[in-house]
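You will see chain A twice below: alongside chain B first, and alongside chain C after that.
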Partner chain A sequence: MSAVVRAGGAAPIERLLKRNEFYLAALIFVLCVSITAANPSFLTLANVLSFLKTSSVNGILAVGVLFVLILGGTPDVSFTAIAQVVEYLVVMATLRWGGDIPLALLGACALGTLMGSVNGFIIHYFRVTTIVVTIATLNVYYGMLYVLTGGNVIFVVHPMFKQFASLLLFPMRSANGAVYGLSLMPVMWLAVLAVGWFILRRTFLGRSIFAMGGNEVAAQRIGVNTLWTRVFVFSFVGLLSGVAAIAHTAIVLSAIPNIIVGHELEVIAAVVLGGASLFGGKGTIIGTFLGVLLFAVLKNGLVLLNFSSYWYDVTIGVAITVGITVSAYQQLRAQRSRVNVKVEPVVVP
Partner chain B sequence: MTDARTGQSASAVGQNRTPSSAKRRGIPDASLYVILVGIVVLMTALNPQRFPTLSNLQSMLSQLPILAFLSIGMMISMLSGGINLAIVSTANFTGIVTALTLWALTAGHSGSATLEATALAMLVGVAACLLVGAFMGWLVAYVEVPAILATLGVTTLLDGVNVVLTRGYTISDFPDALLAIGNGVAFGVPAPFLMLLVVVVLLHFLLNRMSFGFGLYMLGSNPIAARFSNINTRAVLMGDYVLSSSFSALTAFVMMGQLNSVKANYAESYVLVAVLACFLGGVDPFGGAGRLSGMILAVIILQIISSGVNLLRVDPFFVTAMWGAIILVLIAVNHFTGRWREARRLAQMHGRGAPEGAAPPARPTAMPTEANSSSQR
Partner chain C sequence: MDDFLRLTAIHKSFVGAYALKGVDFSVRSGEAHCLIGENGSGKSTLIKIISGVERADSGEMWVKGARLAHPTAAEMIRQGIQVIYQDLSLLPNLTVAENIAIAQLAKSGRPLVNWRTVREIARAATARIKVDLDLDAVAGELPIGLQQMVAICRAFTSDLRLLVLDEPTASLTKGEIDNLFTVVRDMQAHGIAILFISHKLNEVIDVADRVTVLRDGLTVGTLPRAQLSNDKLVEMMTGSPLAQTRLRRAVGRKKKLLEVRDLSKRNNFADISFDLYEGEILGIAGLLGAGRTELALALFGVSPADSGTIAVEGSRRRIASVQDAVAAGFAFVPENRLTQGLVLKHSVAQNIVTAVIGRLVGRWGMIDGSRRDGLVARWINSLDIRVAGPDVAVETLSGGNQQRVVIGKWLATEPRVLILDGPTVGIDIAAKSSIHQIIRDLAARGTGVILISDEVPEVVANCDRLLVMRAGRIRFEIDSTAATDAQVQALVEATA
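Take a look at the complex of A and B:
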């Protein structure tokens, strides 16, 4: 509940120093400075816009994961499969029947919401851990996609995706004549962040999600409808998977049936590094944004520093392990300073 | 009206936090035997020529240990209330370290390595594996990182290290001694299966007859009570992850022997199947409950399904979907049998004429205590 109850009385600087986001931002800053020192092309507007674009898919998915983590319990892992299925089906449907981007987006959201809500209902009615249910639905969705479609790669998508991808806000021309600018995928990411922030901080629904993450029984006693709150969260994850599917299609301009599945751990890790607690009731939009940004900077930096792509997983693994170790250690220290009852086991001779 | 509704759903919430006794037991062994017989009959009916044959039985017995070792490793981590998502990555890591050591010892002629060199390489592999286990144990027990996160981080890390070590290639060509672990046959029984039998007997003693096992079950069911009962919970938790990882080493050697190669991403999908086996075997993911016998039965059932479906030559992705569907069906069955058992218990209690006030609540309603939240780790 720390997101609702703010530490009062402390000086702003002191409050800032206590926040996970501050350290994350500092880490990103240090990384940016050191990568730029080694390769000045890192901190150019073109490069920043380009890696914002490529990380927008993970960024959109991360907001959904944040909601699930705040709700409490183990993370959802089925969102990649939902995005995968939605992407493939939307690409197939638009190739067959045509349509435009708003319609495709609407369809993707509807399909994603439907698939996500299934998780919510199962978890609520059968009272099982999120991870068990979502591992199951991940496999059902992903397996059925392959069985029903044969798993063929679709290399040519409807031309509207290419048009959508080439739409640029503030188009600029670089020194060598290439046009670059802010494409719409990062804009979608920002919009999703804004909606997520609004729901979490400005609505009763958001309060309910935090309350359920803090203590589900207490939340229910104060009148939170746990069924609909839970179904909303998992449907929202599905909806965002639909949005991410459209963004992904516009970036890669093809539909490969196994390209999104397998990235779930990376997204979850980004959200957790962003300060969301695995015990529920805690997490912020800005932290999630910074978590995704950290991975984007790492990935882009490794490429610019000419590391072999083999090293990417190692770096991410080290980042995750160090990140969770540090945050767990901080939590441990905070707990120790709060509780001064010492548990001394009685030594029986 | 409202009160009744709230009360009812509040108790359901309580069940979510602290699984009721019926749920803790999961699917009891008796119904597993029924499922086993049902599956054997079904597979025989679907595949009368190829399924009920001696060669199929032998091939199933030699394939079973890989799944069994991984599932047991998963179960051991779940008994403490944690989870070890790194079992497959650790197994691949062990295999790769062993293979590379062997390669270095024999200057590139691994196939003709001496027995001593092979043993030394395997020892190095086991040491690497235990080191990984100790690292995860340290993270979970001493830094108090939630197990799912700690093992997830280690998985990502190991997957990366595995690719870096092998450069993405397959390393093959192992000496006969190592191949015998995977393919040897003694008295008509595949060697890996004999190994599994020995390990299961040893593990049975460790879990059910020794203080470590007792401490582990206690730690899983209530970490605070365990600490107050003079159990060194940190040491038990640490040992738990080392033990869990040692099953990855066993898996690694059987896989090396059977496939005659190691690679960064072998058997990745087995993590899910291992979770499924634990679920089917009645292991409580919140810790403290789960029996080896149920686990073994579950593994046998899954192996029969997998072999039987394989003989039917269906799409492998259909099998992926099927694993997921089986979990969902099990969740539903578990839920409804739990409710049915609960109702019957209540009916019996009232039938015996217990006074209304004396009837204990069906399940603890509101216990979101520290014990529960920490048992989720």
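Take a look at the complex of A and C:
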């Protein structure tokens, strides 16, 4: 005898329509079309490459936030402070001792990893909520930076950063004679996205992160090493903060001690809008990419349409509110329309 | 048949208190063995020892005639012993395929995941128990019965010899239970032993080849299938024959408390009409998914009905929210006391006063402390809640005492109509009968009680009148003082 039970599967097109990424991509498309209609200079290769470059810092940081959100619990907010400290120290160190970009990147990653792992150990051993621990470490790292450096702005960085920033793949010349092309910062972003995707999708470590986000006790019973997985995630956030610090230095070519801190919410919002759940266990690399891209398009579009830059803050707020309410509403509606009981149509007493 | 697993003289104590005081126990290959006992009898501890999660203080464990020197969790899994806990330990956000294969992936120690291998492992496991699951479905979105099948499939990814199921039927529908037992019998036919824990004696009698009864950390005895009977098992569990007395009370239908007419809610229930009289206990029986709980939630305004009328003592009431229901004099003890009825970390006193806190406000808008303490003391006494004091956190109480706290919380509102949904789920037999006594006392003092239960004997023994629900409708109304358990059970399970 056999029990045959069938759970309803969904057709591929239905699955696509259920996905957050589909709507996000559609929204970006609509935005691009409308902004271009108002100002045709939006959809030029030069402009697209330019805003990809400026959003690469947020893009790299967003991958770290995605990992933390999938792991579950509240978001990490200390990553900007880590990037800030790493940036300042790397700029100081390279000014004093010289070096080259690979070495600076290596140092930045090592320092970032160390600072991130502290979060991981505290959260694991003391069972404190991520946001509480990282608010504390944000203040410790950021405060220490000011204490040790006096908060002075470094206006001139080592020339290698400028050299790095001017390296262009596919250099082109625009009509008015300016040279443009694909700079290396978006390439770093792309590489981080690829590494993130590979870890999440193709490694047992990545699946363990999802498993812990879904049900930590069950993950532990299955044989997931929860300590190592958690410490990895927070160290990885630190490492990406180091990568972002190098990209940021190459873009701004200075070290201002309060320029990165304060952008936490913008990054977290992009990841949440990209479909990562604040309740853990859910999120994708492509969604995170689209979330960052949406904000980049918005920011750039507002500038091209001559809106005040404060409107950007407003749109971020509105975008978060809309993103969260839409997903909550979908959940609510699914709950309401759920069939609890198959009510038979005719009464047969 | 040979013993697959044998335990001799197992002792285990936790901080000075004995949990097991010399348990002897064996499971044969291919048998369905059932473990029963009241709360605190040591069942859970025994399961933990069998799974290797806990080490026994003394005693020996043998698998296939060989003594285990180091019965760790990894060693028990290596011996082919797998435990499925009540929570199923699934990863709700991952697909069925990954849920099934992940334990194997963890064991292999390979850092990379090959999705084709994942599917192959999952397909092989589903084929073993002949269940056709959608491997791409997200596990958390499946009905609980299918989730359980996923957990069983996962157990099958290793070389399975003994499957331990902790209360596997607690939240399944009748159809799902039938499926589960079909799978269990098929596994038995392949020589796999099943050990399961259950509170439902009729189910135990149906399925088990042998039953072992635990009481106070000791094995009372093991009975073969032929000797199983409800009375015998109850006697072994409680230590004394418990008279399942039927309450025969003449209810003078003097005053109509509640009149429900044509209550309907889409996808939940339809055309519900009934009356409830002062001092009456009205039972609502039906299988999981018959619409009983949904009806209770609508009456209490948690998820209000779409149409129909509710009248209390002759005047029509609109029940669109819990506040409306409380104002109408309703009280509701929900099915899941842990998540819906109690704040576990709060004290007994805090929990008892939550529903009436507004009435305790004294001068200057402050809570009147002495009135609060008086109220708490009164309900702790009259419901016989066994606690060291009113400030003890509710989570430290036994299931039976927790349920008394929930009842006390609602009785404090002095309700005219008390709705109880599964009031004795997961409570042992002694505590059960004392809760039944509380319910009957309440009715004797004039409260109208609606008692919803999974267990037919419970409603038949306690109710004056019984409604049988199926597929969202009331199918039968019975004078339950004249019906037998078997008759009612037949009406509940009857299809079409």
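Note that the second predicted complex is superposed on the first by the 326 of 349 C-alpha atoms of A that agree within 3 Å, B and C clash if a C-alpha of one lies under 4 Å from a C-alpha of the other, contacts with A are read in each partner's own complex, and residues count from 1 in each chain.
As a working rule, a contact is a pair of C-beta atoms (placed from the backbone, for glycine too) under 8 Å apart; a residue touches a chain by one contact, two chains touch by 3 or more.
These numbers were taken from a predicted model, which means no experiment stands behind them.
A.B. asks: Looking at the overlay, what does A:139 touch: chain B (first), chain C (second), both, or neither?
C.D. replies: Touch partner of A:139: chain B, not chain C.
A.B. asks: Per the contact definition in the header, classify A:305: touching chain B only (first), chain C only (second), both, or neither.
C.D. replies: Touch status of A:305: no partner.
A.B. asks: After the superposition on A, what does A:127 contact: first (chain B), second (chain C), both or neither?
C.D. replies: Only chain B is touched by A:127; chain C is not.
A.B. asks: If you stack the two complexes on chain A, which partner ends up touching A:37: first (chain B), second (chain C), both, or neither?
C.D. replies: neither
A.B. asks: One more residue to check, A:224. First (chain B), second (chain C), both or neither?
C.D. replies: Once the two structures are laid over each other on A, A:224 reaches chain C alone.
A.B. asks: Is A:202 contacted by the first partner chain B, the second partner chain C, both or neither?
C.D. replies: Second partner only, chain C.
A.B. asks: Touching A:147 in the superposition: chain B (first), chain C (second), both, neither?
C.D. replies: So A:147 only meets chain B here.
A.B. asks: For A:278, using the defined touch cut-off, is the partner it touches chain B, chain C, both, or neither? Pick first, second, both or neither.
C.D. replies: First partner only.
A.B. asks: Check whether A:213 is in contact with chain B, with chain C, with both or with neither, and answer first, second, both or neither.
C.D. replies: After superposition on chain A, A:213 lies in contact with chain C alone.
A.B. asks: Which of the two, chain B or chain C, is in touch with more residues of chain A?
C.D. replies: Larger number of chain A residues touched: B.
A.B. asks: Under the contact definition given at the top, report the residues of chain A touching chain B in one complex and chain C in the other.
C.D. replies: Residues 215, 217-218, 221, 343, 347-348, which sit in both footprints.
A.B. asks: Could you pull out which chain C residues touch chain A in their complex?
C.D. replies: 87, 89-94, 96, 98, 102-103, 105-107, 110-113, 129-134, 136-137, 140, 142, 145-146, 149, 179, 182-183, 185-186, 266-271, 289-291, 294, 471-473, 475-476, 496
A.B. asks: Using the touch definition from the top, list the residues of chain B that touch chain A in their complex.
C.D. replies: 6, 9-10, 12-17, 139, 143-146, 148-150, 152-161, 163-164, 167-168, 227-228, 230, 232, 272, 275, 279, 285, 315, 317-325, 327-328, 331-332, 334-335, 365-366, 368, 373, 376
A.B. asks: Taking the complex as given, what residues does chain A use to touch chain C?
C.D. replies: These residues of chain A touch chain C: 1-9, 201-207, 210-211, 213-215, 217-219, 221-224, 280-282, 337-344, 347-349.
A.B. asks: Under the touch definition given earlier, write down the residues of chain A that touch chain B in their complex.
C.D. replies: 73-75, 122, 125-129, 131-133, 135-144, 146-147, 151, 215-218, 220-221, 226, 265-266, 268-269, 272, 278-279, 310-318, 320-321, 324-325, 328-329, 331-332, 343, 345-348
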